[in-house]
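What follows is a pair of complexes built around subunit A, which joins subunit B in one and subunit C in the other.
Let's look at the complex of A and B:
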């Protein structure tokens, strides 16, 4: 059997769905092929214990960049929010807590930090507004005679220039710095510094003292400047994926799940379609891969269609995941003793200070799990009771650091690592462990197996300055277009990077449409 | 460490298995480094050695030639993606001259590929390549092994080469066709025996063979050849005589006629196979190979410069001469990369990289040559004409069976 489309999107992750929607709206015949039985990639809700459901991958939905939010209008496709803006609460070693949006609470501990935090947020907002346009378009290629490339470079320069002398100087000064040094300059309170540092390293293979962590913090701010905090869709992140799928279908795209692609077909250096694992061939002059760059180039396409230097660069993309996920089914309400009840709806950060995070990171350098891990805890059932049976709770916890390759292998260490996380939790929620009815630990290898991203990295490729903009994922494929004509990348490994931003998907759609406008 | 042991710091250059024999023959003790080995520059005199290549036979130690064994289920796909030629056409028992490029289509090196069997190849080249070969192996099921030190090699080149090998005890050599290789056995009349692989290949553009053997058999083979050959004007040669012959044959050398893209430091000093006049080695129709897209773009754009053959007035070789558009020397249009007086052609020859407007056959450029007449330096502007390569290509290099003297 053979069928024909204008575009085939490999992978129905959120970026694949965004890309498919925009292309279908532009009049393309689009087919999305997803290997898993459901769409969404790492945005998926799943039952992990009888009656307990959880967002198995990402567990919070960041605010979307305004233009993309308008374009997709997901509320019209059934996206409902259980929480519109999830507040962040920093947890201390003794169980004390600090809501980051509560100036009075902060002033009680450190009056100076109130002003410092406001100043940093204002500066970060200005940076974010200047950087945002750079993250939404197609990054320029360096050293070409192409007019579009030059225009993009000029725009980049102009946006930065408009920051003004003082801000530009500050951006250049802190842009390559480590977040630890930045926080030491600006803040007093260790608990506050820990919480801010965690935002810079969450989902990465970096510690607060790693260079480029300020850039990763700014990236998070710049993908959606001026927007509120993270959101919690009703029914978990799977609902977000469902809404995207409905938007794609409404635009005219076709979606097929349980349809794993075996390889991308090439004839005379041009993509001609894909072959499914069952042998079915689907013809399309444009194939867009939502998979990570390594999988796309080395497994789906094959090195023989690429230059050796390019393949070497692809094989050297840093993409070792460090982030695990722990799901807990808990009897009653988790006993965070010092926490006001409404704070359970927040995002609870256990990173008491920057050094604590760095110590947790130290282990990972030697392929060990953190002795005392760093946690981002959410209690989704507090905002959305449908996720757990009555009188029970679900905890969804992002855990760092858990290396993709751990010494001795993960097999014998899952139980011990789970116990370590529970012991850490006990400090701020004493008496939690006996109430745990079921626990599910997903280490990077599990995420890799389930979501197909080699290395199990959230961002497919490490979010670092050397893998940013026109270097993401590698020069030669940083404008979404692969060296083989007709092949495109739309996943987190492409510009600007990971997170549920939809921006790589949108940028890729722009690149596909621009290519077809070329002679 | 044993005192006096050979180590890389007491003796930075390695010795080939023929070193001791060559020391005995050398009259001027002139050695030069080649790929980490010490090799002979000249044994007696360059002229005598050159005439051995063209009028009788020459013996040249090519053991430092870097040899990589490439095996595995993907060996053919791997080589076809590495090299610009279609290696699928290379059958067992055959040898192909080829080049390989980086992503930008710039030449990394040239060499020969021996097809030893299905999924079993040997790549011979002048310089170390392992980094690039391994980068090229990502995504391919191949095993690459450096066999440089496992094989000693001798080039026997010249019109009497076949006669000489036969006489030295290698039966059946006359049946070997150009670019073929096969397994032979040397049974010397004066005693001594060794298995050999012989290929009808070489770097002189003449009738010639290359003998590949275990290092342990090296002296046996050398002695057998010299024992039979010395009275028949067989002469060991050094790299300087060989250089004259290879220029006549129009062959290029890395570091001389081009800078490998793997070594070039200054942007713009790399050269593509199209620029080096090797377009006939580039098979755009065979599927993808590294550099293909860049070379297609270059082909569409047209050449900016090209390596050409020059026939230069006078007899003084135009070593490293700058080339100009006219006699006034106001506008440069290229430079000479290799030059020699050719005793066989009786012409003053050069290979030169010339700007695009002057690459057509018959174009005239002017070479700036410096003459040293008993320490008196003189500058000459000499007319040079672009002529076809090779400059010297005798029919005997291809004849099978070769003439038996």
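Let's look at the complex of A and C:
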């Protein structure tokens, strides 16, 4: 294949596909190269036991930021939803449950929390709207004389000030706070606080008492302000990737799977293309990496093309994952005793209180697995029966905390950790274990191997205040452009972060287009 | 209710802690009539020297002079009023396996000591010290400035914001990111970027947790380390050291300075209530009913004690009270003051090393510190606590009889509220025993030398000094309670919702430690409001 491309995208994760689509629509000749036999990265549906299929990585599709949703119009590319807005249900130790959208159920336990929750949600919505512009587009650089940077900073500042005095004060106060303290200020019911705290720490290397967790909660809200809850695509998250791939192809991008890139070619400090593992060379003046920053800079590009200081920063990026996935093939309907049947279609959170999460987190600091893990459980087969044989169910569970480099190695601990998770599940679904026909545990090292992101972290780089905005993933590459001309980053390690938002892919496309508009 | 004549003071200051005295000194020097009212029989708050065992003087709360602003020492002429600060000569961190890392004032000696553990770390130490000093230089000019209100459109606030932006931009792009990262990182993450040796990391991280309800792995703990370096950039020898005669020497010098400028102090005069009429503070009522009138009232008490206990609730907007209630002021530190029959032996410290004349720590890994914090979170004192020991009598023999020694033992962590019920005498003794046992493991003769030990949990700190929940900083130093958020967003400029009433304690910017900056800033704000500012 000798045809030249304007842009080569390395990796067909959702951000790579978003970026490719937007660039192809802008008239670029784009080729996407994917190492795996299928596109999608961590958005993929797999059979893990005969007849049982599951979203192997991410298992829910968050609502997309409105402009991106409009731009991609995935429903026109075949995306169908099995559930449009998945409700959240908090599970208690005794099997009791609390649907978070059911005011009557909440009022029965804590009348004060009904008003408190409504007030917090309203405030969170206002914050999300104000913060959204910060998360989209190219983050400005600080300390430069560049007019565009300064103008953008002033615009962002102006948008924040439009929150009004009281809200802005509250935002500046809670922005750096830990979610535990925030919830203590506002709510009574431990179960409610546990569920809200879980959202703040899910996918991170932090506990509810770690400062910066309110920021991670607001991040989740601000990537798509005003949109509904999470969605469940029919056929699992793989369908989402397929729709993205169709959108990319429709825009004119070419996609090649099973085409692992060995390295990025550089000549005279300029990117000239990529070399595949088979030795095939593909020329392109612009290479966009959907891989994590460490893989991009240290493996695909090579440290020899970078400053020593920059290399040190890259190697210091915190990217050790803490989140595991457990897939269960279950005979019949999982016996969540207190759960009304339709609630099985929800997102079931097992984090009975904030201290429970913190205790689970404590272990991870010493590179141990949580003794009693926290769980985000979905039963995708309840909304989409095609995922399991008739009369059977699939459970897809996000589990924390499971350190990437566990003390003593994962080899001997998989079985024990699976048993711990099952024991935890037994408390809210007694009698589940005997019905489990097959179980698959994916620890961060598996996710790393399967999806190629070093550390196996959801966000490619920890979503923390010191790795945020113009410091994400590292200063010097935070505007999607690498220090080597022609190389760009479009993965979750870039601004604003991970979580199937498509925003890094979109921001990167803007950066590429802006660069070519420059003289 | 009696009223002391018709005398109306210009300013009454509630509480004679070091910040109250600093405010009083500046105001008296500006020509105002100032009266400081102190509940105890002595001034100083938590910066005191007390004789609690015959012949011995204890710095029984704060124990080291590290942050006191040189500007304040100079302005108040404290050396002339008897303040002498003797610099540390060293220090040592002792490991559980008998090893140690000595600390030397001399940079090259320190480097060689680190090289004993890791050559890589000795190299990194150069970079580390350089970076820390740079961060200090960045933060230092902000300490003695009023934080701007980022939500206001007033010219002064906008001007201050512009100053901050210029100050930040002055660093240049690369340094700006370094600075922002540093202020948001955890101490452990920050140190792991420099060092590989556990003992070096553990040694350096100790000062990031003192007084806080955070562990070394909590984001935001890195910048607390600056407190350790703040003294060394002033270029003044002894900015970090012992006050001769104990910490009380600092506040005694402040009191003397105040009296020399015409200010007055009344001890044994507990203020029961701040009087408010028509939205204006008009004076205070003492516990015995005596009314003291003043045109301006300044509270050195922490923000909770001030507004929840000393001002009638009706005078404050409910939303403000709510914000005061949620101000975080959880105690996390304990203290032992020990009279020793002789100098204890620490076999880990080489004979003749100056290390024993500085602060001695017991810790050897970041994990140990982090686990100590986990205990606090679970509502119990650390089973293996972080201790910061000092034996000042080696340098300042005035604090103990000949040949005998006083030891100050600061302990992190110790909760105010225990998970298994209220504190009682038995638990307090058990807490003390945990600490003494920890020290004994490193000093075989230590237990036998103990003549007297005063054991202080956050409860004792609260009841003696009046600090709510025994929090030594009058409020936790977390992002949500710093700068323009301290103590309450919108009230970070030493003013309160009540006219002519101000705060000057460590609950205000820039926070705790025997620094004096809140007191100096409050004085400047008051003088400006009275039309006497520059």
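The rule we apply is simple: the second predicted complex is superposed on the first by the 516 of 519 C-alpha atoms of A that agree within 3 Å, B and C clash if a C-alpha of one lies under 4 Å from a C-alpha of the other, contacts with A are read in each partner's own complex, and residues count from 1 in each chain.
Just so we're on the same page, a residue touches a chain if its C-beta (ideal position, glycine included) is under 8 Å from a C-beta of that chain, and two chains touch if they have at least 3 such contacts.
In this text, all values refer to a predicted model and were calculated from it rather than measured experimentally.
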- Clash or fit: subunit B and subunit C on subunit A? fit
- When the two structures are overlaid on chain A, which partner does A:358 contact: first (subunit B), second (subunit C), both, or neither? second
- Message: So in the superposed three-chain picture, is A:303 touching just subunit B, just subunit C, both, or none of them (first/second/both/neither)?
- Response: first
- Message: Looking at A:483 after the superposition, I want to know if it touches subunit B, subunit C, both of them or none. Which is it: first, second, both, neither?
- Response: first
- Task: Could you look at A:47 and tell me whether it touches subunit B, subunit C, both or neither (first, second, both, neither)?
- Result: neither
- Item | After the two structures are overlaid on chain A, angle v-u-w for subunit B, subunit A, subunit C in degrees (C-alpha centres, nearest 10) | 60
- Message: Quick one: is A:211 in contact with subunit B, with subunit C, with both, or with neither? Answer first, second, both or neither.
- Response: second
- Query: Looking at subunit A, which partner touches more of its residues: subunit C or subunit B?
  - Reply: C
- Query: Of the two partner chains, subunit B (first) and subunit C (second), which one does A:170 touch, if any: first, second, both, or neither?
  - Reply: second
- Minimum Cα separation, subunit B versus subunit C, post-superposition (Å)? 5
- Message: So subunit A touches subunit B in one structure and subunit C in the other; where do those two contact lists coincide?
- Response: none
- Task: Spell out the residues on subunit B that touch subunit A in their complex, using ranges where they run on.
- Result: 77, 80-82, 102-103, 132, 135-136, 138-140, 287-288, 290-293
- Which subunit C residues qualify as touching subunit A in the complex? 150-152, 168-169, 171-177, 180-181, 184-185, 189, 193, 214, 217-220, 326, 328, 367, 370-371, 374, 377, 478-480, 484-485, 489-490
- In their shared complex, at which residues does subunit A touch subunit C? 141-144, 161, 165, 168-170, 172-178, 181, 185, 206, 209-212, 316, 318, 355, 358, 362, 365-366, 464-466, 470-471, 475
- Message: With touch defined as at the start, can you tell me which subunit A residues reach subunit B in the complex?
- Response: 269, 298, 302-312, 315, 476, 483
